[in-house]
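Here come two complexes built around chain A, the first alongside chain B, the second alongside chain C.
On to the complex of A and B.
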């Protein structure tokens, strides 16, 4: 009789374990998305304005800059890297573009080109340090962060770049080009142009990572560089490309930010490093990807924006926002690392 | 793995010498299992006071497990270890150290701590001991290190950081560190595997010196010439057992036979002659100062490459496949000059390799099978800039079917497959294409007989179209599949023959052959 009981209880235990595993799997895959959806429903129910199209656009606009920088970080993470210089690259491209227009008095197209080139130059410098000088990614990009921030400050003598500023004792005559006004406050069918730019970039990065040979190679390099090289993938080349993309997207985000205020403030890109990295890391936990991925990063950026927008509406003190972001990051990391499939 | 031998001789062979005091170390019936793997299956042998004992064996014979048991890293599953006649149960490495056993591991840099000076490294164990005085000054360390140095009669740059030293000097520090503990037994695990010949020579002198001080040494090596030169006795480990003991004068052929085991040469295929030359190697070198190597691979044949570990096989293959730059000489594929800059370059020229270490060099952790199948052929599955996942999956399904890979479909994660099935997939993925040369390094390591037979058959069929080069340190595996066999000893090719012309006896004697006059090759190397 005991034997039978034992068998039964063992079977019941097995069932419990299966259920627990199933639950764990569900949380792991859909947990974060479910929390996001529930949060939106709750905010919308409690505060009618939250659920309006207008507020949705506010949220997306807030998310767009973080999303673009975060997508750059994501690409560098797919090759097993980590780009700490994205905020600095943003600042540099902002200052370069703003100075070109205000001090150099040149057209918007050229200014955008100069800004993006600045970001690409940062990416190129990073890949030089990492691929040729063989400095580990974290410390190499940390050094770049300081160098680029310093360069930015030196370039404009430590002051902000705004219309009518004095430069070397003379008042400047240039101004921000119309395209920046469009980027900063323009709308297409009611959708802010910065949201559209971020959307286009998201689609491009998503397709790049998931549907192209390059994306496959990026993930292979990040997954096992030795095996990637043995399969005929030129590891160095893909790491260079990844850091160029990271620098380039930082520059785009910088231009989006500059267009909002029509000025170039010193080191204004700095806080975006942590926000972008956290969006990309939160993205690991989205749909059980457990790896850097474009969709996850987008969700990560939107998640933070929804959270801050909602909490602000409920008069949650602004100074507690950082704490809430940290909490979100810890929860997301627990989900992808602790609940996720164990890897040696 | 070579097939099992008769189990009898263990105890008879390993019993200690005449009826004097108990041997320094006596090991009886030591076993160690890891899950279903039986790494040691009853090892019995003695180490006498002050003797230098050589331990030989092929890869996977159980050498490292045995050393780790002696060093207190692995706890044996059963069996007895006696030190000075007292039974010991080592739970931690410190237990082994307290019993007087010091180990210098194969990887030199495991024995030293970078960022510290030589003096600090020498005294590391003293500093790290609980109960040691909490405050140490550079001066007190230096003084104590000088004392150690004087006692051991060494000459080391005490104040220089250990990372500034050459590998052999670092090894000297690691050995000195162990000697400072006044061990009764010093275990040296393949100490010369990363040393140049001149550095190895220095080590040999050191070993001879330790011996005069009465320290017993267990010397693990792949090189029979080393063991013959240094050791009083040698034991051979195979399939987790001691299969033979050899006293001086050592018969290297007998030892080679013992390491290789009872080879069953099963050549049930004809040795195809091939036609024309598809690949030529002229005056290559496996090692910078090694002998020149020239050979060719014909169309319609499988060329096998074998030799003991350390013979330079991998170094040679890596040059052919673009993993490393060629040391000297030149190569040609179908008459055209071939000098790959990297693996990608070699593949563009039509030369592809299945590397030796599956987990390290072929597996992408957590990725599905279909990504593994297409990763080396990405552009073949690309149309208009986009990957065609459907075709990748269909291709993977073909590989799974053709090579009878036991898997839960193409979307299964690679780790869910057994080693043999992983290998079937990783070899199978290349065979759908017309390469100009397919190279496989140790393709049968750690896979079952069934998978091996299937891969062999597939390669035999494929080699009708594309020449194949297979390398293995197990001659049996090579002879089973190859048409011609090439044997490497100490960086040179010593013999090439049709596989059905080889016998166990001549194989062993060939492998031992170049060992007969080790000094000659050395003189040659130094002159160049």
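On to the complex of A and C.
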């Protein structure tokens, strides 16, 4: 801010500026949430089914998988990282769990354990590359993406895993465990179980990032690792934990996806990388946070789900839906980068 | 075209292995008591069909949905279209959502019964008739299947190949196949039967990948397989994205004179590939996807108004060669159905009120 010389108009200008700043601040802070609320009101008015509890649950179900992966991305972003391998980790955990049940014929509990371990292993591998081998995050996780996708395909010979499939010339006899049926289409008091799982994870990540010493340390590491280290924060440890959380949550999202489709589809996790990153980035603009944050990511995921659900009811073609998603991201980025407080 | 002694597993067992109770498959026919006049339910506003499709990007799916939309407009029926972008979990959710909006009928365009169980059960409970168009779903009292006859299609191109090779089917061949997709699995049964009947067919490589980028990735694999097997005389690629990839690979290696590609399906883009100078893609067996879409819509409307008996409709294919196309100077799918009237399967599944 430069010094103000013209004393006569200073007061008037100042007032204008105050108003403009206030407006800008309001848009910056509440703009996206306001657009979301208006959109919901509009869709609900135009199409009665949109506003029903059932449809709200469909929307949250559609958002749940993206939200969980996005929360993982958010955590890795808080330490200044970027995890390109979340989609690959999802695919791996899906295939591992599905193959364990369908080909290995083992129980649901073990399958979940195997799936989540697969995701954690991906996170561990990332932290090894980034923290110990000192490879930059983007490059390291890009390599992991390809490695893990390849590994996933190698494990099952490039096939999708489905009940009754042929594996190495023999028909498999295993099937998806009941716990997966519950996770995929179960409900508790009318609320789908995937929404409950996503909700619990959201609360956990929200509390972790906002109300714990760990959360503050994550942000400190992301803001300025040198200063954080000088302040006695063990930077390496927090970055490892962040990538483990990212891998673990990708695995949970993968299991949710597999449970809903009752199949282990080849590379099915791929599109979720970009959707999750985009949810996390939209989240920057929510409530003027201007940094990765759990609530913003949740809103980012729900925003897209509301949009797609509503546009489908108006028979918007799918390619136009993708365009509108792009538009949302651009607007959100404009809000956080252009309207937001200037950064160095 | 005979079916070379194949015992056709008419019931594809894609449901829960061993546990699914399968309803009998009865060929679909217009019911004796089908209404002559447009049924009141359809004539009134608010008759609605939901379309829940697994795949949407690609010529085939575009042609199919165009047929659905065309016929819906002709009959004055409202559509809601859900697109899953190849994500089975999303399609499962969208089917449940479609059922919740209580349409008069639902068309599933591609998809897996395993993924769609919950939605199918909900539709049955709600009494909403479901038409499974090109989907790996079992027929039941509430689910009617509409498929192109995959066996007849594959038989068609094999017969064509036999005549192209002057009755001597022999030599190194590359086969493109990915297991787990009902149409491909059914076509594969015919391929296996022919391999048994003609032991001089030497399958040197099996390649194939199905994803959002099928043609390009199949091309990459085919280039590798062709280089490893320089004596190859034919690529059997029974799905048009496969055939496009195979043709591309043959061209890239300059093997147009030596290797023929046999394909499946047809779209405007495919016609362009087939009719290019020296195109390796010599023959295709196809049902018109737009016609397929129209029929799917008719069957859904008919099931919602008691116009049909039975729950299984197989659409017969037509074999079209490169020569046929060049002779008729056809350059797009619209001209195709004019030049080859058989493609429009006149009279198939039309109840009197749909005329």
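By our rule, the second predicted complex is superposed on the first by the 333 of 344 C-alpha atoms of A that agree within 3 Å, B and C clash if a C-alpha of one lies under 4 Å from a C-alpha of the other, contacts with A are read in each partner's own complex, and residues count from 1 in each chain.
Rule of thumb we're sticking to: contacts are C-beta pairs under 8 Å (C-beta built on N, C-alpha and C of every residue); 3 or more make two chains touch, one makes a residue touch a chain.
Remember, predicted model here, so these are calculated numbers, not experimental data.
**Student:** Residues of chain A touched: more by chain B or chain C?
**Tutor:** C
**Student:** Taking the superposition on A as described, I'd like to know which of chain B and chain C A:220 touches: first, second, both or neither.
**Tutor:** So A:220 only meets chain B here.
**Student:** Between chain B (first) and chain C (second), which, if any, makes contact with A:336: first, second, both or neither?
**Tutor:** Once the two structures are laid over each other on A, A:336 reaches no partner at all.
**Student:** Just checking: does A:312 make contact with chain B only, chain C only, both, or neither of them? Give me first, second, both or neither.
**Tutor:** In the superposition, A:312 touches chain C alone.
**Student:** Which partner does A:54 reach: the first (chain B), the second (chain C), both, or neither?
**Tutor:** In the superposition, A:54 contacts chain C only.
**Student:** So, does A:267 touch the first partner chain B, the second partner chain C, both, or neither?
**Tutor:** After superposition on chain A, A:267 lies in contact with chain C alone.
**Student:** Under the contact definition given at the top, report the residues of chain A touching chain B in one complex and chain C in the other.
**Tutor:** none
**Student:** What residues on chain A touch chain C, complex-wise?
**Tutor:** Residues 49, 54-55, 58, 61-62, 65, 158-160, 162-166, 171-173, 175, 184-185, 257-258, 260-263, 265-268, 271, 309, 312-313, 315, 318, 321.
**Student:** So in the complex, which bits of chain A are touching chain B?
**Tutor:** The contact residues of chain A facing chain B are 207, 211-213, 215-217, 219-220, 223-224, 226-234, 290-291, 341, 343-344.
**Student:** Would you pull the chain B residues touching chain A in the complex into a rising list?
**Tutor:** So the residues of chain B in touch with chain A come to 323, 342-344, 346-348, 352-353, 355, 360-367, 371, 374-376, 378-379, 382, 385-387, 389.
**Student:** Which positions of chain C touch chain A when the two form their complex?
**Tutor:** Residues 13-14, 16-19, 56-57, 79-83, 85, 87-94, 96-97, 100-101, 112, 114-115, 117-118, 178-180, 209-211 of chain C touch chain A in their complex.
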